[in-house]
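Each structure below is given as structure tokens.
The same subunit A turns up in both complexes below, where it pairs with subunit B and then with subunit C.
And now, the complex of A and B:
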């Protein structure tokens, strides 16, 4: 509850600080505009055309279902990876042996390119929701796992001892000693994984699905419709920016406040 | 030969560099705009400058009004910032002659050689300022104020560019637009120095002890970068959508600057609020210019005037009323005419911006905006003519600040 209240209280100042990010993004759009003048509309349509196309897609109702399908797959895969990765990672972090054992496996998981997983998933799950969800899951899992494992491994033993000496009740020990530390490792990992999930789901859909943003991108590519391609890319990136900067980043700041407050 | 600078009836006017120049700033604000308004209202003929009446107006406001304030500010603030001794009366007088020569030469373009004389005078004023302050800025231990030197040097380039293009018979307006960009950047630089003092004084006055106002360099540099990039883009390709996006970025970067400013109720104090409004007007001006360029709306001039009247007008008014009083031995004015004048300048900016944007009669809006502007600076002139032309009465000399500082 305090978390939510603090989050709301710091929201105006946080949102205002977004002007700096907006300024950088607008400079990026200026560079895009310049490049589109340089290379011509066929190679790179200007940002206004891309946004107008996107607005058109949203207005005629064709963008909504595609975005919803993509969001559903990305968030399902991400949610599964978040739960499994956090739990397994924490469990591995508690035991030195388990972390030693799991490290090479994680390296294998991270090292396998998502496109390879996609091929396997196509063989296993066919052309349904299962393929993109699994690819997202397997791409996000090691990132979350490593974050959780490091969080658990680096927990300050002295703090734990102190909590024991002061006979903190187990629940308080968990919320005041373990949680703040672990979450400060988990949160960045979750945010990275969220970014990965959005990128991977579009790639998986492009090759494996008949709906979703990735499939729409495949269609616009076959029509040589660069404006629609950029419109879809803008939609995905815009959604990611919105989720990250409006939801996760303020939460992360609130969770990590103890770091600067010392 | 120049003994009248040190004794006699007009000697007090030369007690410190800002005095003659701030007087001319307010006077030229009134005169140059009255002529422009008369041109619009009754067709009063303006000097036949290359590029036509718009160039005349822009040049009069930039090189008459704004440059006088820049000269006054630089001559007073740089010695203070670098803790070096005040600038002598003779060089100030020489700069004054150059400023006046520039105005006269530009007002009478038909006289042979007037164009060359105008170029030499306008450039000479800026070059003279550089010669006077460059050693002080350079020898300052941390060289914290070098950005003033870069801004003045860049202004020399745009001034020469303007006059060369005018001499060649081409439309020199784009050089004036480049100059406005440089002045906007210079305002941001100068405001960061002024605001530290004003906002923290306001915080102190409000009894606030936990919050301190800091003008943070990274945010300022982003804003200056965007402003200069916009000026450069506009110079290279006028009216291009790329400069539209950059203008929007400049607007956002200026709003980003206000992060430092949200310090609570102290912001409502008149001087703090006035400086705060400068950034709002500048941000709004750039945003309107950007939107206009990207949607092909005819609002570019409206946006530019929001920035020029609202931001530059208010910033210069603030400098006249803060630095112009403190260095003459007077506290900043607490009387009611100050908020009235601030409101009039803000009103002038909004009225001028309404031309071509809202359903307002252009003639009425221009006349009303001119009246607001002329009244605001006229009020300043009435209240400050005695202060600037008479000797100090607080026991201090020259440019020194208030005794208790």
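And now, the complex of A and C:
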């Protein structure tokens, strides 16, 4: 509860500090506009056309369901990876042997391109939700797993001794000693995984699904509709930016306030 | 439960793999008594303290500890970095199940007594200086109202002024209530200033070679007393050998033990007794 209150309280100051970020985003838009003027509207429509197309898509109600479908798949895969990766990673981090054994497997998982998983998933799950969800899950899992494992591996034995001397009951050892440390490793991993899930789901949908942003991108590509393509891309990237910078980053700051030198 | 609580260590030994760090250690800490363990670095002092605190599993010998609430201070403050100073102080109280308002009140008043400012208490450990962190660690140990304090050179990283101040705070606390203290230090003067019994350890393997009882009350010990008593302790051949100092030919342990207010007792150390008697 205090977390939510502090998050709301710190939001204005945080948004004010975002002027620099907004300025750099605007610079990016300027470069886009310049490129559009240089190459012509067919190759690269200017940002305003893209945003207008997006606004049109949103207004006629065709964008909402597609975005919802994509978000559902991305968040399902991400959620599964978050739970499985965190639990498995913590378990592996507790044991030296398990963490040494899991390292090469993680490297294999990270090294396998998502597109390869996608082809396999198509064979296994067909054209339903299963394919994008599985692909997202496999792409996110190793990232979360490594974060959780590092968190558990770097637990401070000195603090554990201190907790024993002061007779902390087991639940307090978990909530007051283990959890805050592990979360400081898990949180960044979760944020990275969320970004990955968002990218991978669009790719999976493009090849495997009949609805969702990826499928809409496939349609606009076949119509050579670059404005719609950029509109969809803007929608996906915009959503990711909003979730990351309005929700996760302030939360992360609040959770890790003890780290920052103020 | 009529007998006052006591910590008694009998014939304790310990080895890490093949390396023997402690051999046949006996010591007692009674309530109201301050016992100092002095010895060079690496003589097994910390291992011994960890055994007493139950942090290391005892393999050889016996440790009977009937103190109900032991508290420990380590060489580093070991504060939880994600908790404010106040929450760190009240950690042991929270573990004991005390409601938040009550434990905050106690932690705050104790923190203020130990020289922390109100706004220091709301800071995180990384925002505090080393001295302030040590105060928080001391407050955390005292907050649970311990009947036994185990101190592992808690102030060794602080400058002499801060160290003296924190020890004075500790002594004041000791006067108010009677509790047993087992402290580790490599500083002989510190041991002589604070303790009723000084146990001198020698390395490889760690064992107690000298026991000095100081009858003079700690509150009345002035610098002159501390200097002269420390000097006497340093004349002792076994103490010198333990710290790797060159032997002083003119004195021997029996002479050193006869001064006022303090008494040095040589312990049976069969390996070394013949050489000492030869020298005297």
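The criterion applied here is as follows: the second predicted complex is superposed on the first by the 260 of 262 C-alpha atoms of A that agree within 3 Å, B and C clash if a C-alpha of one lies under 4 Å from a C-alpha of the other, contacts with A are read in each partner's own complex, and residues count from 1 in each chain.
Just so it is clear, a residue touches a chain if its C-beta (ideal position, glycine included) is under 8 Å from a C-beta of that chain, and two chains touch if they have at least 3 such contacts.
Only a predicted model underlies this, so the values are computations on that prediction, with no experimental measurement involved.
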Subject >> Joint occupancy of subunit A by subunit B and subunit C, clash or fit >> reply: fit
Original post:
Considering only C-alpha centres, what angle arises at subunit A between the directions to subunit B and subunit C, nearest 10 degrees?
Top reply: 90
Original post:
Touching A:171, do we find subunit B (first), subunit C (second), both, or neither?
Top reply: neither
Original post:
Is A:16 in contact with subunit B, with subunit C, with both, or with neither (first, second, both, neither)?
Top reply: first
**OP:** Using the superposition on chain A described above, determine whether A:158 touches subunit B (first), subunit C (second), both, or neither.
**Re:** second
**OP:** Kindly classify A:34 by the partners it touches after superposition: subunit B alone (first), subunit C alone (second), both, or neither?
**Re:** first
**OP:** In the superposition described above, what is the shortest C-alpha distance between subunit B and subunit C in Å? Please give a whole number.
**Re:** 11
**OP:** Please give the residue numbers of subunit A that touch subunit B in the complex, ascending.
**Re:** 13, 16-17, 19-20, 22-24, 26-27, 29-30, 33-34, 37, 46-48
Subject >> Contact footprint of subunit C on subunit A as seen in their complex >> reply: 158-159, 161-162, 164-169, 172, 176-177, 180-181, 184, 257-259, 261-262
Subject >> Residues of subunit B that touch subunit A when the two form their complex >> reply: 219, 222, 226, 229, 233, 240-246, 248-250, 252-253, 255-256, 258-259, 262, 294
Subject >> Parts of subunit C lying in touch with subunit A, wherever the complex brings them together >> reply: 50, 53-55, 70-72, 74, 76, 78, 80-83, 91-92, 94-96, 124-127, 140, 144, 150
